[in-house]
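What follows is subunit A paired twice: with subunit B in the first complex and subunit C in the second.
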Partner chain A sequence: MAVLAALGEVVLQRAGDLGALLLSARRALAAGGRLHIDAVETLRQTHRLFFDAVPLVLVAGVAVGGVVAMQGLMYVARYSASEVFGWAAALSAYRDVGPLLLGCGLAARIGARVTAELAVMAARERLDAVRALGLDPEPTVVWPRLVATVACSTLFWAPACTLVLGVAFVVASLIGDQRIATSVWSVVSYVDAGTLVNGLLRMVLFGLIVGLSSCHAAVSVEASEDRSAGAIGRAVYAGSVLSLAGVVVANAVVSLLGGTG
Partner chain B sequence: MRALEVIELRAQGRGGLVLGPVSLRVEPGQVVAVLGATGAGKSLLLAALAGLAPSTFAHELTVGMVFQSAALDEACSAFDNVARATRARNVPSPEDAARAALAAVGLGDALTKLPRQLSGGMRRRVALARALAVAPELLLLDDPTAGLDPRTTREVLALALGRGSNAPPTVLATHDLDEVVPRVDRVLVLEAGRVVFAGAPDELSRHGAARAFAPRPDLAPSLAEARWPF
Partner chain C sequence: MTAPIATLGAAAHAALLPWRLPLDALWRRLDEVVPRSVPLVVVTVAAVGCALADQAARQALRLLGDTSFIGPEYIVLGVEEFGPLVVALTLSQRVGAGFAAEVATLQSDDTLDAMALFGERPALSVLAPMGVALVLGAIALGLIGFVAWELAGMATLLLRSGVSPFTFFHPEAIRGDGVVMLVVKCAAAGAIVFASATSAGLSARGGAVAVGRAATRAVVGGVVGCLLCSAALDMVWFVARSP
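On to the complex of A and B.
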């Protein structure tokens, strides 16, 4: 019975989290529609978060590019199909592996940072200070970070995925005698716009999930009695787990719904 | 400038603390100090006056508030922290007002500094500049000298309280009997959310100031019960 009760508690908590997330999303969208979000703050946050995540994206892009090359070369070697290596690598980079790993990376870097900043603001009276000015912290502090997270993941998609593809081509040419010109020709010939749009929409979705999860986890600190450093750490952990789980589940759902077709 | 009139304010804080009833009247230029042990309800009273905690008190005054932790946006410069307030309160020429407020607290040359580049006293002065820049009709100071050395304490108090009859009604929560209380007009002592003393500062010493700082028995063990853990 105790196990069932504990399980029920976890399910109720997660259901509550999901409901709160959906409510936050609805309010954020409604506020965005009425242009109530602080535009200057949103731009400032986008600039900060974007450049803060550049090193991680560069390192991750190089690593993922290497993995894509090695996996792709296996099939090239097995089926002697060097002309489709570029196409397969582009599918991975722009639509499948690229957005998924980029989403996970951004959850760890941008999401954790947003959660930590907002949780500290909630715990250390900074949101109260904003309220004392007669401002609502949501459109002035919280939602600009949410929009900035979505903007960053959208902005990162093209350069990061192109980096993945470029590294994959170079690695394949170095270790597999795969000619770069053949790879580029394969991309130009076989990759259609739908693939690119699919990947970009995934990144927007992942950015929204990371932004909502991290903001929700942070704001929960203010509603709780415990505002210690431990509570802030738990909020960052919860935000990261929620973001990563959300990205993985959303990726699976999009793929099942025909996103890979 | 209007007086602050509070009649039988009641509020509920975190941890189940119930505040009130609290009544007080503060004229423009007057300063009321709120004393009491940790958990007595000082910060809750200020939060209720600022409209940050649910209470029976409502007003439409422009509030300037200095928080215990300064509560600055760490990602913004000193200037941006103050300018955000002046813009939010529709102060005419908000950037100029922010610069003037920072200059008035002696930070005219630290406009571009981030809060983490400032000392504790300077951070508190930025918070004070932010509160004063909006030309508040009610000034609330939550332990503005906590953690400051005596010299910085005197500097901050001189800036916050030394502005004569043009100053707004000011309510200040503090633990500092030596530096703060002699500078205020009235004192309010809270104990577990209830007012146990209200009067002039010199009456407080006769009443027994020690009572204002007696720890709540449910929050702090007595020294006799304390055990060194090693």
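On to the complex of A and C.
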């Protein structure tokens, strides 16, 4: 019964969150369409969040590369299929496993940071102070962070996934005697542009989900009466959970709707 | 302020002797980790399983015209690789952030010091139950996640490619050492999430800003630690299995 009650609670919570997220997305898109977002602040946030996440992306890229290599090597060993290792690793790195795990990493680094910052601003009534100055906090404080999250996610895709692939090739050559030249040849021969476009679109979508989830979780602190330190922690927690669930579900939907490319 | 390294060490030591921990605190933490994480774990593992099963089936049909070999490979992937990894990431984001925020709040408002002053041992009564619950809970969630993974794969292949669940389900493909791998990976993930959350929480200085920063650090540390641990264990396993 406890599991069912928890499941029902989660479904209700997520349904409420999804509705609020869609409303936020609509307002953000409308603001973006009217160019009603502070461009300088957006660039500043993009620069800050991007360079802040570089160490995490480097470490996560190496770890994900190791996972991709080991996953491929098991099949190479079982089916003697060293010719297709590069193709399978590229598919994982650029489209399936790479964007998914990097999306989870970005949800942890950028998403949690954005949530914590905005939640502190909401709890300390700094958003009210922005309003008192006659400014709307959404286009000046909240949406720039959302756009910056999407921009960082998009900018990280090519270097991070190439790092994942490079590490996978090196690990496979060191542990599994898989020649790097054969792996590169396999990528050049079999990987098509559709795979790359699919992966890039996934990262853009994951960035949007992480940004929306983080901003939504943080701004909800303003609506609640509890503005203690515990409320900030709960906002970070809620943003992380929402981001993770959003990223994996979006990944499944894109995979089911997308083609094999 | 409670010294982070000494407290973490004392908590880890106490967690190694779980029978000495207060039972009610342990049950409460287990309840937080397992039943409350089940919905999220099931959704995330099943979503990743759906995506991979569908893509594997489509690639197999496109290249080989045959999907019969996917079932045995998919079940092994769930036990040894993606089941434990997705459970670890979910625990980092859900439980890691929550525990870190709680410990950071206790640390920043000096509650841990007050407990010590009144003769209580916070490492034993607060932190160690979190560690034991995370390790045991991660293993339980790994097994639950594996069931969700297999069911998601069966449903996806049935609905998308018309593959019968009886054709798809190959429990004989799971090796004993694969199950050991699942348990080891999940236990390691639980320990990493605990270490990351507790060290981030105990290092918190100040008020609300510090709590937010601690929760962020815990999530980042947990995610990166679990990814690195998974890759390292895979490599050790591959080398150990190689003839």
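Convention: the second predicted complex is superposed on the first by the 244 of 261 C-alpha atoms of A that agree within 3 Å, B and C clash if a C-alpha of one lies under 4 Å from a C-alpha of the other, contacts with A are read in each partner's own complex, and residues count from 1 in each chain.
Everything below uses one rule, namely that a residue touches a chain if its C-beta (ideal position, glycine included) is under 8 Å from a C-beta of that chain, and two chains touch if they have at least 3 such contacts.
Just so we're clear, the structure is a prediction, and the values are computed from it rather than from any experiment.
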Message: After the superposition on A, what does A:G134 contact: first (subunit B), second (subunit C), both or neither?
response: first
Which of subunit B and subunit C A:E117 touches, first, second, both or neither: both
Touching A:E225 in the superposition: subunit B (first), subunit C (second), both, neither? first
Max touched-residue count on subunit A (subunit B vs subunit C) belongs to chain C
Using the touch definition from the top, say if A:Q71 reaches subunit B (first), subunit C (second), both or neither.
second
Is A:V59 in contact with subunit B, with subunit C, with both, or with neither (first, second, both, neither)?
second
(Q) Quick check for you: in the superposed arrangement, does A:V188 touch first (subunit B), second (subunit C), both or neither? (A) neither
*Does subunit B (first) or subunit C (second) touch A:L22, or do both, or does neither?*
neither
Message: Applying the document's definition of touch, where does A:A39 land relative to subunit B and subunit C: first, second, both, or neither?
response: neither
Dual-contact residues of subunit A (subunit B, subunit C) 117, 120, 124
Given the complex, residues on subunit A that touch subunit C span 2-3, 6-7, 10-11, 56, 59-60, 62-67, 70-71, 73-75, 77, 91, 96, 100-101, 104-105, 107-109, 112-113, 115-117, 119-120, 123-124, 171, 175-176, 227-237, 240-241, 243-245, 248-249, 251-252, 254-256, 259-260
Listed in rising order, the residues of subunit C that touch subunit A in the complex are 31, 35-36, 38-40, 43-44, 47-48, 50-52, 54-55, 58-59, 62, 73, 77, 81, 85-86, 89-90, 92-94, 97-98, 100-102, 104-105, 108-109, 156, 160, 207-216, 219-220, 222-224, 227-228, 230-232, 234-235, 237-239, 242
Within the complex, subunit A is touched by subunit B residues 14-15, 47, 50-52, 62-65, 67-69, 71-75, 84-85, 88-89, 127, 130, 134, 140
Residue positions on subunit A within touch of subunit B in the complex are 44, 48, 117, 120-121, 124-126, 128-129, 131-135, 225
